[in-house]
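There are two complexes below, and they share chain A, which is joined by chain B in the first and by chain C in the second.
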Partner chain A sequence: MELIEAIRNIAPGATIEEGAIPMVTVAAPQYREVAWKLRNNPELSFDYLICMTGMDWGDSLGVVNLLQSTAHEHKIYLKTFTTNREEPELHTVSDLWETANLNEREVYDFLGIHFINHPDMRRLFLRSDWVGHPLRKDYNADPALNPIRLENDELPDTTPSYEESPDGEIHETRHVIFDGDEYVVNLGPQHPATHGVLHFRVSLDGEIVKKVDVNCGYIHRGIEKMCESLTYPQTLAYTDRLDYLGAHQNRHALCMCIEEALGIEVPERVKYIRTIMDELQRLSSHLLFWSCLCMDMGALTAFLYGFRDREKVLDILETTTGGRLIQNYNVIGGVMDDIHPDSVKKIKELIKYLPPMLKEYNTLYTGNIIAQQRLKHIGILKREDAITYGVTGPTGRASGWSCDVRKHTPYGVYDKVDFKEILYTEGDSFARYLQRLDEIMESLHILEQLVDNIPAGDYAVKTKPIIKLPEGHYFKSVEASRGEFGVYIESRGDKYPYRMKFRSPCLPLVSVVDLLARGGKIADLIAIGGTLDYVVPDVDR
Partner chain B sequence: MFDFSVVTHWIDGLLRSFLPEAATIVVECVLIGLCLLVGYALIALALIYAERKICAFFQCRLGPNRVGPYGLCQPFADMFKMLTKEIIEINHVDRFLFNLAPFMVIIASVLAFGCLPFAKGLQVIDFNVGIFFLIAVSSIGIVGILLAGWASNNKYSLIGAMRSGAQMISYELSIGLSIMTLVVFAGTMQITEIVELQNDGWFIFRGHIPAIIAFVIYLVAGTAETNRGPFDLPEAESELTAGYHTEYSGMHFGFFYLAEYLNMFVVSGVASTLFLGGWMPFHVPGWEGFNHVMDYIPSIIWFLGKCAVVMFIIMWFKWTFPRLRIDQLLRLEWKYLVPLNLFNLLLMVVVVVFNLHF
Partner chain C sequence: MKYEDFKDNESLEALAQELRANGTNVFVGCLDNFINWARSNSMWPLTFATSCCGIEFMAIGAARYDFARFGFEVTRNSPRQADFIMVAGTIVHKMAPVLKRLYDQMAEPKYVVAVGGCATSGGPFKNSYHVVQGVDKIIPVDVYIPGCPPRPEALLYGMMQLQRKVKVEKFFGGRNKKEKKNQETE
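== the complex of A and B ==
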C-alpha cells in the first residue's frame, strides 16, 4: 500500500486499480511526466520495463507498460491511452527505458500510434508499404489491400521522427541512419552467423564496425494477431514456435497464465514434470548455444561435440513428448500425457554423462588461448545497460543483474529445489559464455533433486471443454532459456483472448547488438551475436 | 637407393635418338607438364579425401563412406560434379580480371609444386637459387586472391581479399626468414644440394635449437599462407560467408579449392625438404646397417610420408582451434614471430660460425 501511496503522491491525476500488480492509468498528456517520475523517484525507481503492450480498446488506443523496480522488486502496470483514432500520438519513453525503443516501433507498426520524440519511427516488422495496422480492431484484412508483393522493399537510409518543438508544435523530421558514402554491408537476412533470418545493416570502416541497424520481420508470422481469433487451447501451439529452443518454457508461461486466470490449481506431479521438462529444455538450448558459438568462432569440431551431447537430451524429450524441437507437451491444467517410464532412468544417465563432457568442452575450447582472446573484454554490457535494455536471462546475469525469475517469483517447484543463481560481473562475451556453461551444471543439479521425487498423482486436471477467461488482464512470466518470457492476456470474458502479448526475451537481445558491437571488429560482432544467443522467430513473433 | 634420373635419362636418350634437339625439348616439356598436372590433380583428390576423413574422425563422425569402398571415390565424384557445373556469369563484375584470378592462383601453386624434389632424381628443375625461386612463385597466388576479391565487386569478397592481402604479405616475411635461417645453415639455395647435405642427419636434428624454432615458425606461417584454420580469416565462413571466392562457381571455384589443398602440400613439401631431409631416408651417422635398411624404402615414399605427417599436423590445427581475429593475427606476426625470427636467424649465424651444430 505504501507503493500506491507513493504513486498517488507523484501522479495525483492517475486512477489506480489495485490488484496483485496495481494498474496505474494516466491520461496521455501526463504520461511522460509520470513515467519520468516513476523511473527517477528513488522510492519507486522503476528501472526495468518488462513489457510494453500496444492496445486497442475499441474507443481508444494506448499502451500498457509493465514496470518493475530491480531495487525494490515491486511491479506496476502503467497504462495510457488516446481517443484520437485518426492520428494517435503519445510521448515516447524510449529515453527512460532503452528497451522502449524497439517496443514503441512495434506498437507503431501494429497500432499506428506515433510516438513523439522517438528517434526512429519506422515500422519494425512489416513492410514499409503495408496498408493498415493489423492489431487494430478495425483493421481491414482484405488480401486485396495487402497482396503478396513480389518486389523488393527498399530499406531507406533515413528514418522519420516526430519531434515536438518547445511551443508544442509537432513536426516530422528525418534522421539519417547511414550517410551516402558509408561502407554498408548487409549481414543477413541469409548469413551463417545470424542463426536465422535476421538482417543487420553494418556500417564499416575497414574492419571496424561503426554502426549496426537491425531489421526484423523476415520471419514475422503475426502470432499475436492470430491468437486473437483462436480459442485458448488453440493458442498454446504457437508458443512453441516462438523460441523453439525454449518451447516448453514458453508454453509453461502461457498455461500458467491461463490457469491462474481460471483459478485452476495443478497437481504436484504436473509441477514436477513441468519443471523437469523446463530444465531439460534449458540444457538442450545451452548446449546448442555452446555448439553454435564455437562454430561462429571457427571451431567446427566443438560444434559437433555439442550436438553429440544435445542429442541425448533430445532423446529424453522425444521418448515422452514424441517431439524433438517442438513438443506441444503442456496443456491447460497439466501436461498432455504422463512421462515415459524410461524417462527417469534416462535423466539419471544424462546427469552422470554430461559433467565429464563439460570438462572436455573446457579443455577443447574454454581454455584455448585464441578463444579467450576472442571473447574476453569483447562486447561489455554494463549492469545498468542490461536493465534499461531489458536484457534478461543468462546475458543479463552475466552482467551482474540478478534477474532469474525462478528465484525472484518462483513457479513450478523451483521454490522446493536448492540451486544457485549464477552471476558474473564482467558482462563481456566470456562471462556470457561461462554463465551458460555454469547454468548447465546448475540445471543438472536441479534435475538431480527432482528426478527421484516425482510424486504420484494425475498428470492433468479436467478442464471445461470451452475455456473462457474471466474479464481482466493477466501476466505471467517464466525464466526461459534466453531470459524472461512473459505472457500478457487481456480478456473480455470470451473464449478468445482480446489481446495476447508475448514478452519475448530475444527482442532486447537484438536491441543491444548496436551498443555492444560499435567500435569493435567484424569478428567481434560475430562473437557478440553468438554469446547473446538470440533466436530469430522469438524476435519477430 | 633407386635414382629416378635413370628413368628420365633413358626417356631423354630415347627421344634424342629420333628427334632433333629442339623437338626433344618441346616433347619433354609437354610430358613434364602433363605429369605435373596429373600428379597435381591426384594429390589434390587424395588430400581432399584425407582431410574429410581426418576431420570426420576428429568430430566423432564417419566421413564419406558411401561412394566406393570407404568412400574412396567420393573426391572423384566431387571433381566430376565440379567440372560439369555451370560457371555462372555475374553482372557488375570486371569480367577479365574476374576470370583471370583463379588462373593466377592455380598457376602460382603449380609453379611452386613443380619445384619440389619428389624423389631422388625426380625433380623438374634444379638451379642454384631453387629456394628463392620457390618463394617468388608461391607469392604470385596473392595477386590472384586480391584480384578475385576486387573484381567480384562484392563487399564481402573485398573484405576477404583485403584480409588475405594483409595476412599473406605479413606471413611471407616469417616464411622467408625461417627459410633463410635454414639457408644460412645449409650454405646453399639449391634444392638438391640441401637434400644431399642431410645425408648425415636431417637439418631439424643437426641444427638443433634454431632449426626447431624455425620449423615451428615455418609451420605457423605456412598455415597462415595457405589461408587455413585457425588463420582462415579471408574465407571466414561465419563472418564473410566465403570471402574472396564468394562469387565463383563451377570449376573457377574448383581452382581455388584445389589450390588451397595443393598449397598445403607445397608448404609441407618445403617443410620436409628443408627440415626433415626431403626424400632423404632417416640416417644416423655411424649406424651403417640401420642406414642401409632405411635406404631400402623408396625415396618417394620418404618424401610423401614426411609431407603426410606435416599435413596431418596442419589439419590438426585446423580442426582444433577457433579462428583468430585480424588484429590478433597481425599482432602475432609483427610483434612475436618477426622479432623471434630475426633473433633466431642471428642465433643460427652464431651456431654456424662457431660450428656448434652436429
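== the complex of A and C ==
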C-alpha cells in the first residue's frame, strides 16, 4: 500500500489498478516524466526493467513495462499508450534503462511505434525493406507483400532518429554508427564463434575494438505472433524451441503462468519432478557452455570431455521424457508422464559421477595459464551495468548482482531446498566461467536433496479440454539456464492469448557485447561472447 | 579398335556415348569407383547451424556418436573448403540470402542435407510470417532428415544416405559435364 501511495505522489494523473503487481497507466505526455521519477525516486528506485512488451489494443498502441527495484524488491507495470495508429510516437526511456534500447527497437519493429529521442530507430529483427509491422492486429500477412528476397539487405552506416527540439517539434535526424574512415569487420552471421547466426559489425583500430554493432534477426521465427492464433496447450511447444538449452525451464515458466491464471494448484509430486528436471537441464546447459567456451578458446579436447559428461545427463532426461534436447515434458497442470522408475538411481549415479569430472575440468583447463590470460580481467561487467542492461542469470551474478529468481521469488520446491546463490564480484570473463562451474556443483547439491524425497501422488491434475484464461494480464518468471525467463500473457477471456510475450534472458546478454568488448582486442570478443553464453534463437524469438 | 580410328572424332564420341550410356566403362569406371570411394569417405561438412538441430550436430561430433567413423570429422569453417552443408535449423527470410551465398561459395561438387522439420518444410514454424518453408525453396537439397530435432542416429543415417548418393555418381561422366554445359548455355 505504501508503494501505491508513493506512486500516487509522483504521478497524480496516473490510474492505478491494484493486484499482485500493480498496473500504473499514464498518458503518453507524462510517460517519460513518471518513468524518470520511478527510476530516480529513492523510495521507489525501479532500476531494473524486466520486460518491455509492445501492445496493440485495437484502438491504441502502447507499451507495458515491468519494472523491479533491486533494493526494495517491489514490482509494478508501467503502461502507456497512444491512439494515433498512423504515426504512433512515444518518448524513449532508453536513457533510464539501457535494456530499453534494444527493447524499443523491437517494439518499433513489431508495432511501428517511433520512440522520440531514441538514438537508433532501426528495425531490430526484420529486414529494412520489410512491409508492415507484424504484431499489429491489422497486419497483412500476404506472402506476396514479403516474398523470400535473395538479394542482400544493405546495412546502413547511419541510423534514423526522431528528436524533439526544445519547442516540442519532432524532426528526423541521422546518427552515424561508422564513419567512412573506419575499418569495419563483419563477424557473422555465419561464424562458429558467434554460437549461431548473430551478426556483429566490429570497428577496429589495429587489433583494438572501437565499437560493436549487433545485428539480430537471422533466426527470428515470429513465435510471439504465432502464439496469438494458437490455443494455450499448443503454445507450450514453442517455449522449448526458444532457448533449447533451457527447454524445460522455459516451458515451466509458461505452464506456471497459465496455471496461476487458472488458479490450478499442482500436486507436490509435480513440483518435485519439475524442479529436478530444471536442474538437470541446467547441468546439461552449463556442461555445454564449458565445452563450447573451451573449444572457442582453442581447446578442442575439452569439448569432447564436456560432451561425454553431458550425454550422461541427457540419458536421464531421455529415459523419462523420450527427448534429448527438447523434451516437451511439462503440460498445463503437471507433467506429461510420471518419471521413469530408473531415474532416481541414475540421478544418484550422476551425483557421484560429476564432481570428479569437474576436478578433471579444472586440471585440464581452469588452471591453464593461457586460459587464465585470455579470461581474467577481460570484458568486465560492473554490477550497476548488469542491472541497467537487465543482464541476469550466471552472467549477472558473476558481477555481484543477486538476481536468482529461485531465491527471490521461489517456485517449484526451491523454497524447501538448501542452496547457495553463488556470487562473484569481479564481473570478468573468468568470473563468469567459474560461476557456471560452481553452479553445476550447486545444482548437484539441489538434486541430492530432492531425489530421495519425491512424494507420492499424481503427476498431473485434470484440466478442462478447452482452456480459457480469465481476462487480465499475467507474468511469471523462472531462473532459466541463462537468466530470468519470463512470460507475459494478456488475455481477453478467449482460448487464444491476446498477446504472449517472452522475456528472453539472452537479448540483454547480446546488448552488453558492445560495452564489454570496447577497448579490448578482437580475440577477446570471442572470449566475451563465449562466457556470456547467449543462445541466438532466444534472442530473436 | 583400328589405329586410324583415333583420328576420327566422331567414332570416339560415339564410343564415349556408348560407354556413358551403359555405365560399364572398365578403365574410367574403375577410376570413378576409386574417386567415389575416396570422396564419400571424406565428406567435410560446413560448420553451419542456426538453431536446435545444431546442438545435435555438435553431439555427433563428440565422442559418443563420433562421425569421424564415417569420415565427416573435419568440419570446415569456410564454405570454400566444405563438401556439403548441413542446414541444421530454421531458415528465416533474413537468413535466406546468406544461406544462398554460402551455397554459391562452396566448390563443386557440393551437397545439401536438410536437417530437421524446419529445414525440410518449415516444421513447427510453418505458419510464421518470417520462416522459409523448407530450404528447397532456395537451394537444391540432396537428403532430408526428419525430426525435431532428429536424434544423432538419424543424423548419421542421413549422412550415410548422402555417402550412398556420392558412391553412385560418375565423376568423369554425367555430373561435371552436365554442369559445364549448363554454364555454357547460361
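In the analysis below, the second predicted complex is superposed on the first by the 541 of 541 C-alpha atoms of A that agree within 3 Å, B and C clash if a C-alpha of one lies under 4 Å from a C-alpha of the other, contacts with A are read in each partner's own complex, and residues count from 1 in each chain.
Going forward, contacts are C-beta pairs under 8 Å (C-beta built on N, C-alpha and C of every residue); 3 or more make two chains touch, one makes a residue touch a chain.
Quantities reported herein were computed from a predicted structural model and do not represent experimental measurements.
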Fit or clash - chain C, chain B, common chain A: fit
Touched partner set for A:402, first chain B, second chain C, both or neither: neither
Touched partner set for A:192, first chain B, second chain C, both or neither: both
Greater residue coverage of chain A in the superposed arrangement, chain B or chain C: C
First (chain B), second (chain C), both or neither touched by A:374: first
Partner chain(s) touched by A:148 [first = chain B, second = chain C, both, neither]: second
Partner chain in contact with A:308 - chain B first, chain C second, else both or neither: both
Superposition-derived angle with apex at the Cα centre of chain A and sides reaching chain B and chain C, degrees in steps of 10: 50
Touched partner set for A:365, first chain B, second chain C, both or neither: first
Touching partner for A:245 - first (chain B), second (chain C), both, neither: second
Contacts of A:15 with chain B and chain C, given as first, second, both or neither: neither
Which superposed partner A:523 touches (first chain B, second chain C, both, neither): first
Shortest CA-CA distance between chain B and chain C [superposed frame, angstrom]: 5
Residues on chain A lying within both footprints (that of chain B and that of chain C): 191-192, 304, 308
Chain A residues within the chain B interface of the complex: 183, 185, 191-193, 204, 206-207, 294-302, 304-305, 308, 364-365, 368, 370-371, 373-374, 521-524, 526
For the chain C and chain A complex, residues of the former touching the latter: 47-52, 54-56, 58-59, 61-64, 77, 79, 89-90, 92-98, 100-102, 124-125, 127-132, 137-138, 148-149, 151
Residue numbers on chain B that touch chain A, as the complex places them: 55, 58-61, 155-156, 159, 162-163, 229-230, 232-233, 236-241, 319-328
Residues of chain A touching chain C in the complex: 125-127, 134, 139, 141, 146, 148-153, 189-192, 196-197, 217-223, 225-226, 229, 237-238, 241, 244-245, 288, 291-292, 303-304, 307-308, 311, 324-326, 536-537
